[in-house]
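Pasting the structures in now, so scroll down.
In the two complexes that follow, chain A is the common piece, with chain B as its partner first and chain C second.
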Partner chain A sequence: MPALAPGRWVAVALFGIVALVPAGVRDAYLLDSVILILLWGALSAAWNVAGGYAGQVSLGHAAFFGIGAYSAALMTARFQQSPWLGLMLGVALSIVAGGVIGYLSNRLRGPYFALSTIAFSQVLLIVASRWRGFTAGSEGIPVPFRPGFWTLGLGHVAWVYLALGVAVLYYGVAIWLETSRVGYQLAGVREDEDAAEALGIASRRLKVYAVTLSAAMTSVVGTFWAQYVGFVDPFYVFSIDLSVRFALNTIIGGIGTGLGPFLGSLLITSLETYLRATFSGMKTGFAGIYLVIYGTALILVVRFVPEGLTGLAARLRVRSSRAHA
Partner chain B sequence: MDPARRLGPAQIDVVAQLGVSTVLLGGIYALVSVGLTLIFGIMRVVNFAHGEFLMLGMYVAFWAYTLLALDPYVVLFVSIPLFFGIGVLTYVLVMRGVIHASHNVQIFTTVGLSTALQNAALVAWTGDYRTVRPWHSAVVIRALGMAFNLSQVVAFAIAVALTLVLFAFMKWTHTGRVMRATAQDHDAATLMGIDTDKVYRLTFAIGIACVGAAGVLVSPLYAAYPTAGLQFVLLAYVVVVLGGLGDMLGAMLGSLIVAAVEVVGSYFFGVAWKEVFYFVLFIAVLVLRPAGLFGQRGAETLGV
Partner chain C sequence: MLTLERVTKRFGGLTAVRDVSLEVREGDLLGIIGPNGAGKTTLFNVISGYYRPDAGRVLLAGRDVGGEPPHVICRLGLTRTFQIVKPFGNLSVLDNVMIGALTHLPRVAAARDEARRVIDTCGLGPYAAARARALPVGLRKRLEVARALATRPRLLLLDEVMAGLNPTELGGIVALIRRLHAEGLTLIVIEHIMAAMMRLARRIVVLHHGETIAEGRPDEITRDPRVIDAYLGEEFVLAEA
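Right, the complex of A and B next:
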């Protein structure tokens, strides 16, 4: 059996620890943090499929998150159906929308693609916040809590395992993208599309698949997030800040790596929880200080450590192995 | 509606009012967009933090009016050199290091700058809506059956004047020619002895000075709050893509088109839906003619 790469061991250890957390911890606050870290990590992992592995940087992924959140919230609040049906509807809608965005990615590169994704999420924001008759408009939708698995009215421990399941699954997708034939083809397209085309890789189709998969994955977590948090606010779920957040976690952790999005989420979500708790009492609006730190961190990371935490770890490992040799 | 009324004088007035409103709004949008397109055209960087400098301009006008009772048009004389300086500083501290980096690095650098500035404003000045109400914002001009706010007319006039000055600067001065040469071919410009770093610094500073001026000019018309720049910058993207990224004349025409879409859309469907129209227009242009209505074809697939 081939030895696991160091990153995989870290992932196994992290997910293993999370699996054991509910056995020892009953503190709702801590469990809540764990759930949010896993959900944010899964969202960033979903963004990473398009932004990292396929090189299609989207600043509008909140659109798919919002589609998932709204599908489930409307399904439960308006039609008294199971949120799982909403999840499936959200995935179906996101596949269609993701296909359209993926098609755009074939015509537009770099900043043009990012701009088109922003426009797309803004259109959904306007529709969701203005279509009062159906979406309840800018007031948002409270998601009713009905206990049970089928209605996703779960306790904290069950949520930890559900979020962990999604996180492990998404990590698995990333590993598949790193090791499979399709993954290598995608890397080829990302690095040099013309060369990949010359080798007979259907680059256009691959990019559409990657963006669509990424959209569907984002939508699933959007549904879980809405059901867990219990409220859907259009100005939050479709916001550019949210789209930036997916990217931020991934870039800080390590773009185009399996572990990166989860490491980034661990760091950023913990930092946010800590700073919120520290500064929220001081002055209204002061909670915004953590976003000033994020913005600055983003500028510094892309400039000085563009490969993120995982890349930094690899760099240090190389240096120490050289020192030992 | 009976045909006699459809062509009656009231309807002609409506058309005239909508037309003039479009031009007034378009002039302001042009000043917001022209800095964005200048920075893009010469530096090949989409400045995702452009709206935040507009927001800062609005706050400068607000505080000058509130604390010193200065009229926004007086503040304009101070704000142009002030934002020029802020532009130089931002270039040196943030942009210079990523000017030759990949698109993704540039995108996230300016996105990070946008997040940081927006929330710095939130921390410093809270999320309250701040309005500037100088005497001229209450004066209504009536002419030929149309009515306009004096602030809007003056903002339009100054915006157009500034845009034309910039246009003339780019076209007829030596420095403008140097900047255009750098935009056309960075390497060749370097070989001709042009200090491209200096050109980029100047470009970024001029772009920020324009949008800062725009922020001061719109302060009597729109409230200032930390995310106030977002709506303007989103439409500036539409304008700039419509006109062809980097094309200044295209940006002016694009501003008029976006303003027309907004004015006519609001008139027929209500103000609430106005943004939908220009975003749909935006996506349609990106899909059908991504190089812009007047731009060179193929620019978008080169990734610039």
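Right, the complex of A and C next:
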């Protein structure tokens, strides 16, 4: 697909700029924003593997995020082990859970699949918030900070590079899905399962693989997020809000594209941060006003640019090339 | 090459296909005709693995494939097109066909080259970059054939690829089917358009209410009183006379 080439350059430029940020910026607040944009972008990219490339729209991906977050938090806080071990445990558990969700995707279509994923994440929320003896229940778990790479006790600059590494890796997964045999076959399955079967593609198995990969990728970032933020709250990490956010970032940015999730994360995370700072209750006397503006902005984007930012870019490019012709 | 032994498929109380037996040899061009609801597409769905037969056996090159999923049957050399076309709508024509070629050519570049060749064979060359969704129906039917051919089948099932085409498109697709057959492909063709079927098929099976009521050369079929009764009607006979 030659139309994607400009997008690759944009990605190289964006990730390149991020790599240079720590050289010039020492402001912890700004570095924090960069880290969160990258982590949210990576989470959305993970969601995009199932929701975009495989066409399986999940609204329960917080389940895998929470699994990753809890595995590492419990591993460090309760067993004094490395969060990297927690990361691996989270991936293993998410592969199992992702396999179950993937299996469901072969039984349930569209809205029914999405509903079942919500139910799945809610079940985990109940387990995490009620199993007080092990998870500390609704109080949540503070993650101990122990400096070092093995313990993931890192400074802001190191976190920028770690988050950037994950983001670039996940962007690479998207490019692989757009250029490889498996990726093309998955596109066929997404477009029409029956037709894909007739062409020799084991469509059900491929869908399960894609959803499982997406789950494992989400879990990894869940672990990093918990270690970075330093606290795991069941009502946050398993929330529907979070699941919707992965989907929303991706849809706003451009579903089924490599760059879309990152552009969506950049736009939404910065918009939210800016609005919260500018229109906070203290300044306006109206506590929820930033949410009203935020919601309105989202509605406008979905109304006028339903194909997302990458689609908008493609549309403008076509228009300008016609104008030149 | 393909043998059906008393194949039966039921949906609840309805028997869509009953005790159908047939034999397709290498190089055959078999036509299947019958009125709407006769069980033609159901039979295709059983042969290509979309339905599991309730009774009877489907033997492909001697191997019982009844109940195997479609992708396994495709890899054994049998694939099909769909009466209601199923293009990968958001992908280009080239990508559509390439996904078929990837089944036997794991390298994307090789599959893309193969897809270009197949597209040219099927007269879709000028539309290679077009989105499949944007194609008019005549070309979508060709795309169905092209995509199936890209898997390099030895036996191809065509389900009403001529329905809804104008006379020019019809002539083109008949010529294409003839050429594929001449090159050694074995085909089973479901069609409603009798005139085209008469010119094309060597042997015709007539289905009615899920059962085979006649089998033979086209000229034998058109004279068979049961076929005239069930399907062709008297007008057809008069028109032929």
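Some notes on this structure:
One rule holds for everything that comes next: the second predicted complex is superposed on the first by the 298 of 325 C-alpha atoms of A that agree within 3 Å, B and C clash if a C-alpha of one lies under 4 Å from a C-alpha of the other, contacts with A are read in each partner's own complex, and residues count from 1 in each chain.
To be clear about the criterion, a residue touches a chain if its C-beta (ideal position, glycine included) is under 8 Å from a C-beta of that chain, and two chains touch if they have at least 3 such contacts.
Only a predicted model underlies this, so the values are computations on that prediction, with no experimental measurement involved.
Once the two complexes are laid over each other on the shared chain, residue contacts for A:Ala297 go to chain B alone; chain C is not touched. After overlaying the two complexes on the shared chain, residue contacts for A:Ala196 are found with chain C alone; chain B is out of touch.
In the superposition on chain A, contact is made by A:Gly188 with chain C only, not with chain B. Contact with chain C, but none with chain B, is seen for A:Ser180 once the two complexes are overlaid on the shared chain. Contact with chain B, but none with chain C, is seen for A:Arg130 once the two complexes are overlaid on the shared chain. When both complexes are overlaid on chain A, the residue A:Val25 reaches neither chain B nor chain C. Within the superposed three-chain arrangement, the count of touched residues of chain A is higher for B, of the candidates chain B and chain C.
Legend: residue contacts after superposition of the two complexes on their common chain; A:Gly288 is shown touching chain B, with no touch to chain C.
Against chain B, the residues of chain A that register as touching in their complex are 55, 57, 59, 104, 107-112, 114-116, 118-120, 122-123, 126-127, 130, 240-241, 244, 247, 251, 284-286, 288-289, 291-292, 294-299, 302-303, 306. Contact residues of chain B toward chain A in the complex are 46, 48, 94, 97-98, 101, 103-109, 111-120, 122-123, 126-127, 226, 230, 234, 237-238, 241, 272-273, 275-276, 279-280, 282-283, 286-287, 290, 300-304. Of all residues in chain A, only 1, 179-181, 184-185, 187-188, 191-192, 194-203 touch chain C in the complex they form. Of all the residues in chain C, the ones that touch chain A in their complex are 48-50, 69-71, 74-75, 79-82, 86-92, 95, 98-100, 102-104, 106-108, 111, 147-148, 150-151.
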